[in-house]
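Structures for review follow.
Look at the two complexes coming up: subunit A is in both, with subunit B in one and subunit C in the other.
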Partner chain A sequence: MKLRQSMTTLHTWGGLLPSWLLFVVIFTGTLACFDKELEHWMRPALHGSSGPASASAQQISDWLADNVSAPLHAYWIHPPTERTPFWQLGWEEDGSGQRGRAVFDPVTGAALPETLGGDFFFTLHYNLHAGQIGMYIVGLAGVFMLAALVSGVIIHRRIFKDFFTLRPRAQGQRAWLDAHNLFGVVGLPFHLVLAYTGVAIFVAAYMPAGGMVAYNSDPLAFYHEVQGGYHRNELDRPAGTPVPLDQLVTAAQQQWQSTDTGWIIVEHPADASSVVSIRRRDPSRIGSPQDTLSYDAFTGELLHQQQTPPAYRGYIWMVGLHMAQFGGSLIRLLYGVLGLAGCMMLVAGNTVWLRKRAARQTPGLHLVQALNTAVFFGLPVASLVLLWANRLIPAELEHRASIEAWSFVLTWLAVTLATLVSSRQPLARARALLGVMAALALGLPLVNFLTAPHSHLLVTFGTAPELALVDLTLLISGVLLAVAMARYRPRQPVPAARKTECGESEVTV
Partner chain B sequence: MAAQHWRRLAASPLAELISRGLAALVAGYLLAFGATAFLSVYLPLPRPDRVVVASLLCFAVWVGAAVYSFAARRPLRVWVVLVTLAGVFCLAAWLPTDWRMRP
Partner chain C sequence: MSILAFVTAVAAMLCFSLAMARHHRDLFGRPPSRPRQLLYRLLGILGTALCLLLNLRDGGGEIGMVTALGQLMGAGILVGLLLARVATAGMNNSRR
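Moving on, here comes the complex of A and B:
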């Protein structure tokens, strides 16, 4: 077998098998570029209020003491920033390892109604909300993506010339292949870098060989030396009176000569060994600064300033390149567009696979077709429904975030079931679902207008561009999806009356 | 008869595809593991830098092994080559007990 031929085998199967999982990872990763904007959008209680940001870290810490009775392993607080104008709190309970999350108004310090927020997409992106196992599954998908990209380049004989070739009026398979090449080549450097830096983030879990051989499998020694961090084991003695957190924050800011504070982490707060670590934030750099300061929680004594070895700073730079928290909204927009190109590359690639085999009636054709519809359409539809749920579920309802999650899961399940039972042609199915997506996207700004008096476009346009852009993006996507639906019609003429019926019956599913 | 049947199945394109795919996944990971351990010991750098650089390179080794798994002429040889290399790397990394953990 020639090299190009053998690489075609690798590309075809190594690309098809993980493609649906990769679509979930890339689509949610694209949304996660804007997780903070979505988080802000999904919290209407924050919109329209203004006043001096007077809440303090100690106030957040006090809320935790009053509202969570279980002993804590650690908790972490983040002060408001330009993109996240609210206090964030997370905690982990001792023993059970159960985690919690809350967000607070920067003016009053009051806890806000719960929502999944933009964080939902971020977590779905890196572990599918399935903890450790999910993290390994996503990592494996990332390696498949790397292999598919490399083999794709080897196959591609005329990578430069084909880049300028698009034959939308050509036979179906040819046009889809051109589209696959276009999106694949435009995004290639981005996709290679993002796939590599993506799997690199959890490299210590995926590839433990280095720690095993050079640190004799001692994870504490490994992390301590590699990260240059600080850790103090529990003394199992009751805690004293803690120094107010804000005093430590001020001390840290004086030490750095900078006021930009990141996460404030308090480890085992109920034990005499408690340590407060304060991280510096610097969004002007790709890799976040690694000069965390660790204080004794009771004396306020500076115990340690993080000193990282050069290779770890290189690793942090790769992580930063993946996370896109640097360089402002232009960078995130670029990441978003190239992420969408990645999604389109997958959709077009799978369509090429199908078209090639449609004539031969290869076994598995229907399965691939059904998975394509269930994932490529199900996930975006479910994501839109999640945003609808965010606006429609009353703010004071208990378990609000769980209801949002159920709306997402049940919608996706409904699309999948509808795909399995529908006897309709895949093309008609795709058209109907494009219509559903268009209706959901175009309807959201309207729902926003009806339910959130301080959040809709008429108010935010001009005053709060970061919120208005979410609505505008939805409107533009809705229009584009509607246009796509209108243009994406089956070749053989279908009676007009049946077509509208198709669209409506799918909406009610 | 049965032996012949199995031989024909083993020589079928599907069996070859599955063998190459598994080699890319399993033997490829083993090679990446061996290479990471080897470089974590033999790179001329301080220990934390050795380990981080070696670990960050592991995915390139894995993808290289995957490409080789499909490019190699004979599917069974892929297993032999990848597993042997991985074993040699691991032995070379673990045998010098004190030296491999030098600071």
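Moving on, here comes the complex of A and C:
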């Protein structure tokens, strides 16, 4: 078998089999570029609040002491920023390892109603909400994506000649192949870099054996040495009186000559060994500076200033390049557009596979068609329903975030089941789901108007552009989806000669 | 300034596409002559360089490079979609 032939087989099957998983990863990764904007949008209680930010780190820490009785392994606090104008708190319980999260109004310091927030999409992106196993699955999909990208370059004979070519009216699978090539080739540097960094940044978690052998099965020792960080083992002695967190934050800011404070991490707060580590935040660089200052929680003594080794700085640069938290909204917009191009590359690639085999009635055709519809339509529909649930579930309801998650899961399941039992033609199914998506996207700003008096477009347009942009994106997406639905109407059979001239525009998803 | 850099990226990609016979024919009805093809390529290279320079000036070496590459890729997709639109419109007109 020649190289190009073997690469064709690798590209076809190595691309098709993980494509549904890759779509989930790329689509949620695209949404996760705007996770903080979505989180802000999903917290309407914040939108009407005004006044100077008066809550403090100590106030958040006190809330934790009052509301969580279990002994804590650690907790972490993040002050408000331009993109996340609220205090964030997370904690991990000792022993059980159970984690919690809460968010606070920057003006009053009051805890806000829970929601999944944009973090839901971010977690779905990197571990499918399935912990370590999910990370391995996503990592494997990333490796397949790298293989499919490289083999795709090898098999594409006219990579430069067809660089800009897209013929929507072309015959058979040609139009979809053009789309697959355009979105794949033009966005190739982005897809390659994101797939590579996505796999590489978790390599120590995927393959921990080397570190475990070298560091006597103590992964923490490995990470601390690699990062140039600081850790103090627990002394099992009662804690003293802690220095107020705000005092330590002020000391850190004076040390840096900057007010950009990032995460404040308090390790084993109930033990005499407790350490408060304060990180500097700098979104103006790709790799955030790992300038962490560690203080004794009870004396306030500066114990350690992180000196990041060059290799770890290189690693952090790769993390930053993947996460797109630098360079402002322009970078996130570009990542978003190119992420959508990645989604389109997958959709078009799968459609090429289907159309090549449609005439031959290859086994598995219906399964691929059903999976295409369930994933390529099910995930966006479920994501929109999650946003609807965010606005419709009462703020005071207990376990609100869980209900949001269930609305997402059940919607996706419903679309999948409907696809499996539906006897409709794929084209009709695609049209119906395009219509559902258009209705959900167009209806959301209206629901926002009816349920959140401080959050709708008429209020936010001039005052809070980051919120208005979410509604505007929904409106524009809704219109585009409605246009797409209107265009993809079943065609009457045409005479063979005319059909050759016009080509087809059927969607087989 | 980011808008200017993006416009430059789109112009550069448009020039590169016009250096190709198929896209030139779609827009002007005939393939480009050899000197014109070289001119388009030169303009494309200059536009790419200008886009890179504008981004490096605005965002510095590190972020400017990433922004420029992102803009060039985004511009490439936009030009591909626009050319498809033009070619389809041309096909419809010729059928009438």
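One rule holds for everything that comes next: the second predicted complex is superposed on the first by the 481 of 509 C-alpha atoms of A that agree within 3 Å, B and C clash if a C-alpha of one lies under 4 Å from a C-alpha of the other, contacts with A are read in each partner's own complex, and residues count from 1 in each chain.
Criterion: a contact is a pair of C-beta atoms (placed from the backbone, for glycine too) under 8 Å apart; a residue touches a chain by one contact, two chains touch by 3 or more.
This is a predicted model, so every value here is computed, not measured.
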| item | value |
| --- | --- |
| Touching partner for A:368 - first (subunit B), second (subunit C), both, neither | neither |
| Touching partner for A:186 - first (subunit B), second (subunit C), both, neither | second |
| First, second, both or neither for A:150, with subunit B first and subunit C second | first |
| Touched partner set for A:338, first subunit B, second subunit C, both or neither | second |
| Partner chain in contact with A:9 - subunit B first, subunit C second, else both or neither | first |
| Touching partner for A:103 - first (subunit B), second (subunit C), both, neither | neither |
| Partner chain in contact with A:430 - subunit B first, subunit C second, else both or neither | neither |
| Dominant contact partner of subunit A by residue count, subunit C or subunit B | B |
| Intersection of subunit A interface sets (partners subunit B, subunit C) | none |
| Interfacial residue positions of subunit C with respect to subunit A in the complex | 2, 13, 16-17, 20, 22-23, 59, 62-63, 66-67, 69-71, 73-74, 76-77, 79-81, 83-84, 87-88, 91, 95 |
| Subunit A residues touching subunit B - in the complex, by the definition given at the top | 1, 3, 6-7, 9-10, 13-14, 143, 146-147, 150-151, 154, 196, 199-200, 203-204, 206-207, 209-216, 222, 225-226, 228, 309-312, 314-315, 318 |
| List of subunit B residues in touch with subunit A within their complex | 17, 20-21, 24, 32-34, 36-37, 40-41, 45-56, 58-60, 62-63, 66-67, 69-71, 73, 93-94, 100-101 |
| Partner subunit C, residues of subunit A touching it in the complex | 161, 163-169, 182-183, 186-187, 189-190, 284-286, 321, 326-327, 330-331, 334-335, 337-338, 341, 501 |
